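Shared between the two complexes below is chain A, which pairs with chain B and chain C, respectively.
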Partner chain A sequence: MASRYDRAITVFSPDGHLFQVEYAQEAVKKGSTAVAIRGTNIVVLGVEKKSVAKLQDERTVRKICALDDHVCMAFAGLTADARVIINRAQVACQSHKLTVEDSVTVEYITRFIATLKQKYTQSNGRRPFGISALIVGFDDDGIPRLYQTDPSGTYHAWKANAIGRSAKTVREFLEKNYTEHAISDDNEAIKLAIRALLEAVQSGVKNIELAIIRRNQPLKMFSAKEIELQVIEIEKEKEEAEKKKSKKTV
Partner chain B sequence: MNSGVWEEVGCAKLWNEWCRTSDSVHGLSPTEAYCVFYRLKSNPAVFLCQCSCYVAEDQQYQWLEKVFGSCPKKNVQVTVLTCRHTTDYKSSEPAGSLPSPFLKALKTQNFKDPVCCSLLEQPNFVHDLPAAVLSYCQVWQLPAILYLCYTDVMKLDLLTVEAFKPVLSSRSLKGLAKNIPQSTETLKKLTAANEVQSNIYT
Partner chain C sequence: MALQDVCKWQSHFQGPSPHLPQAGCWAVPRGCDPQSFLRIYGPRLAHGTTTLAFRFRHGVIAAADTRSSCGSYVACPTSLKVIPVHQHLLGTTSGTSADCAMWYRVLQRELRLRALREGQLPSVASAAKLLSAMMSRYRGLDLCVATALCGWDRSGPALFYVYSDGTRLQGDIFSVGSGSPYAYGVLDRGYHYDMTIQEAYTLARCAVAHATHRDAYSGGSVDLFHVRESGWEYVSCSDVCVLYRELQMFTEAELEGEAHQTQPEPVILRGAEEGGEFPVGPREMAPGDSRIPAETETL
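So, the complex of A and B:
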C-alpha cells in the first residue's frame, strides 16, 4: 500500500503521510550521534567521529561546521546533502551581513535552513534533504540559542538535544541529567555533553569531537588532549560517586 | 571462531540463485562452505551452526533433515539468533520511538525456561531458515527459542551484537558465557573489521 505513494513526494498517502520525508528521517539515523547543550553562558556541540580510512585525510571529515563567527552547526545524515546546506547557509550569513550590516541571529539562519529543507519536500522531482542539524550560537543580545532542524523542514528551540544513530538513548540521558546546576557552570556543561556522548559512542574517547562557543568569543574546537582531560575528570567523579554510594549502603 | 575454543566438525554447501559464487570444479572445502558446524571443545555436547548464506524455501526441509535427522530428539535444546531491519517491525508505535536495536523472542511449546526479552507480537513473523528451524522443533516437540534482533544497520556493528548480551544470561547459555573484562574490546575489534568505510553518511 505504502509503495504507491513513495515515488513522488508531492503526493500524500491516504492517512496523511509523506513517506519520503519519513524515509529521510531514517537516513538521518544512519549518521553518527551529535549532541548539543545550551548552557547559561556557553553552548556545546559534541559529535561522534566516524572512523576514517587509513589513507583518508581526517581534516576533511567534519561533522561540526561554522556557519559564521558566532554560529555553528553539527549534522547527522547524508554527507553530500549537508555540504550543500552548509554552503547555502554560509552564503546566506554573509549576504545578510553585507545587506543589513548585522550578523544573522541563530533563529534567522535556522529558519533559512528549515525553509530550504521544506522547499525540497514540496517540489516535483526532488527528494528531501537527508540530514538533521543542531545549530548553536549566541545572538547579539548575548542569549545562547540551540535549534534543531529535521528533513521535513521543521525547526524547534531546545535546551539540549541529540540527533543521529543513538539519539534516543542520549536524549533520555539528557532528560535525566540536564539540571540548572549542570548548565550554570561552563565546565559542567562540557562534561554533560561528553557524558551524554559516551552513552552512545562505542569506540571511546578518541572518536569524540567537541566544540564550544562562549559569549562574545569565537568557536573553539577542543583538541584530543583537552577532551581526554575532561574524560579523566568525569571518570574520577564517577569513581567518587560510586565510593560514596557503597559507603552509604555499608 | 578461530579462538581455538571451537572445532569445526562439518559444513553444508548449497547453491541457489542468491549465492554469489558457485564452484562446481573444486571439492567441498570448509573455507568455501556456507553453513559451518562447530563443536565446543570443552563441552562436546554443544554444537554451533554459523549460517552465512540464504537457504531457499525448497532447500530448507532437506537442510533440516540432514542436520537434525540423525541427532537424538531427547535432551536437545535449540537456540537461534537472527537479525532483521527495524523497518520490518510492524507496531502501532511510530518507527522513530522504537529503541534500536531491540530483541524479540519466539519459542516452541516445549521451551519452558524464562525468556530474556519480550515475545514477538503479531502481525510480525520470522522468515527463512530461522523460521524453518523453529517450525521443525515445534513439530518434533523440541524445546527451542529464537532471538530476533531488530537493528537499523545492514552490517554487523557493536550495538547490534551487544543487544544479544541478555541471551548470555539465559539458562541454557549461562554455562558457556565467560565474563571476560576485555570482551568489549574484543567485540570492538571484531566489528571494526566490518565497519563500512563509506562516506555517504556522516
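So, the complex of A and C:
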C-alpha cells in the first residue's frame, strides 16, 4: 500500500501519512546521537562523533554550529542537508538584526528553520530535509531555551532531549536523571550531558564532542582534554556510588 | 460588440476622457515630469512646526504645538502632531502632515503584525529601524517626515529620531521643526536626566511656548504627552499665549523678590495637579475628540 503513496512528497496516503516525511525521520534515526540539556544558567550540547578514517582530517567534521553569538544548534541526519539549513539560518539571524536591530530569539530562529523544513514538505519536486535539529541558546531576557525540530517542520520546546541513533535510550536516561539538582550547577549539567551520551556511545571519550553556552557568553567548544577531565570525574563519582552501595549491602 | 472591437471605437459614456489623467495622478501639461512640475508650481504642502521629545528617568516626554500652516496661512490651528502608535509608543510628527499620518499607519500595521508573530511588541529601536527602512525606499521623491519615536520598552525609556531620507538617531533630546532652534535653547538649559516629572512637564511647556513666540509657523496650543512604564498618557493641552504670559509673570515675580521665592511654588503644585492625568486613557483618545477645551495651565 505504502509504495503507491511514497513517491511524491505532496501526496497523502489514504490513512493520512506523508510517507516521504516519515522516511526522512528514519534517515534521522540513522544519524549519530545528539543530546541537549537546558540548565538554569547554562545550555549544553553533546554529540557522538563518528569515527573517522585514518587519513581523514578530524577537524572538518562539525556537528555543532553557532547560528549567532547566543544561539547554536546540533543536528542528526544527513550532513549535507544540515549544511544548507545552517547557512540559511545564519543569514536569517543577520537579516533579522539588520531589519529590526535586535538579535533573534531562539524561538524565532527555530520557527524559521521549522518553516523552511515545512516548505519542503509541500513543494513539488523536492524532498524533505533529512535532519532533526536541537537548537539552544539564551534570549535577551536571560532565559535559556532548547527547541527541537524534525523533518516534518514541527518544533517543540524541551528541558532535555536526544535525537539520532540511540535517542530513545538516551531520552529514557534523561527522564530518570534530569532533576532540579542535576541542572542547578553548571558543572552538574555538563556531567549529565556526558553521562547521557555515554549511554549511547560505546567507544568512550574520544568520540564525544561537547559545547556549552553560558548566559551572555558565546559558544564554547570543549577540547578533548576538558572532556576527559569531566569523564574522569564522572567515573570517580560512579565508583564512589558503587562503593556506598556495596557498603550498604555488606 | 464585434464591429466596435474591430474599429477600436470607444464609447464616450464608458469612462472618463482619455485626456484626463489616471485616477490618483496629478494633471500636468504634456511632456512634463510630474515631480519637477509640482516642485515648481505645486501647492506648498503643510510644513512648519515645533515638536520636541526628551527622555529622562521617569519616561519620555513628547510635546508639540498645534498649528498646521500651509504657505502663509494657518490651515488648522488645532491639529494633533503627536500620534500614538501603540500603548507604549508615540511619535511626534513634523514635515508633511499627510505623509506623517500615512507612514504612522503603516508603522502601526508592521508592529502589530510582528507582535502577533513574535508574541511581544518590537522594541522602540526596532520600530525606528523599520520606519527608516520603509521610508528610505522613497528617497528623492519628496517625502518629508521628521519624527521622534518616544517609547518605553524592555530597555527602559527610549527615544529615536527618524527622518524620511533614512536617518535614524538615538538621543536624549530631540526637537524637530521650524521652531526647533528656539526650543533647543530652552531644553538645553533646563534638561537633566534625573529631573522630576513636574519639572519635565514645565520644561516641555516652556520650550514650546518660547518657540511659538518667535516662530511664525508654530502656535496654537501645547500638547503634552508622557510615556511611562505603564503606557502613554495625555497630560495636558495649554494655549501658548496664556502660557507665555504666565512665564513672563513668573520670571518677573522671581526677579522682584528673593524673599518671595517660596510663594510661586504652591501655585505650581496646584496647577500641575489639575493638569494631571485626564480620565482619557490610552486607546480611547481619537484625534477628533482629543480637544479638551484649552485649559489655562498655571505653571
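Methods note: the second predicted complex is superposed on the first by the 250 of 250 C-alpha atoms of A that agree within 3 Å, B and C clash if a C-alpha of one lies under 4 Å from a C-alpha of the other, contacts with A are read in each partner's own complex, and residues count from 1 in each chain.
The rule is short, and it goes like this: a residue touches a chain if its C-beta (ideal position, glycine included) is under 8 Å from a C-beta of that chain, and two chains touch if they have at least 3 such contacts.
Bear in mind the structure is a predicted one, so any value in this text is a computation, not a measurement.
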| item | value |
| --- | --- |
| Room on chain A for both chain B and chain C (clash or fit) | fit |
| Which superposed partner A:Q25 touches (first chain B, second chain C, both, neither) | first |
| Contacts of A:A82 with chain B and chain C, given as first, second, both or neither | first |
| Cα-centre angle that chain B and chain C span when viewed from chain A, reported as a multiple of 10 degrees | 160 |
| Chain B versus chain C as contact partner of A:K168, first or second or both or neither | first |
| Contacts of A:A53 with chain B and chain C, given as first, second, both or neither | first |
| First (chain B), second (chain C), both or neither touched by A:K63 | first |
| First (chain B), second (chain C), both or neither touched by A:N41 | neither |
| Greater chain A contact set [chain C / chain B] | B |
| After superposition on chain A, the shortest CA separation from chain B to chain C (Å) | 32 |
| Contact set on chain C toward chain A in their complex | 114, 118-119, 122-123, 125-126, 128-130, 133, 154 |
| For the chain B and chain A complex, residues of the former touching the latter | 87, 95-97, 99-100, 152-153, 157-159, 188, 192, 195, 197, 199-202 |
| Footprint of chain B on chain A - complex, ascending | 22, 25-27, 29-32, 50-51, 53, 61, 63, 75-80, 82, 165-166, 168-169, 202-203 |
| Chain C-touching residues of chain A, taken from the complex the two chains share | 99-102, 105, 107-108, 140-141 |
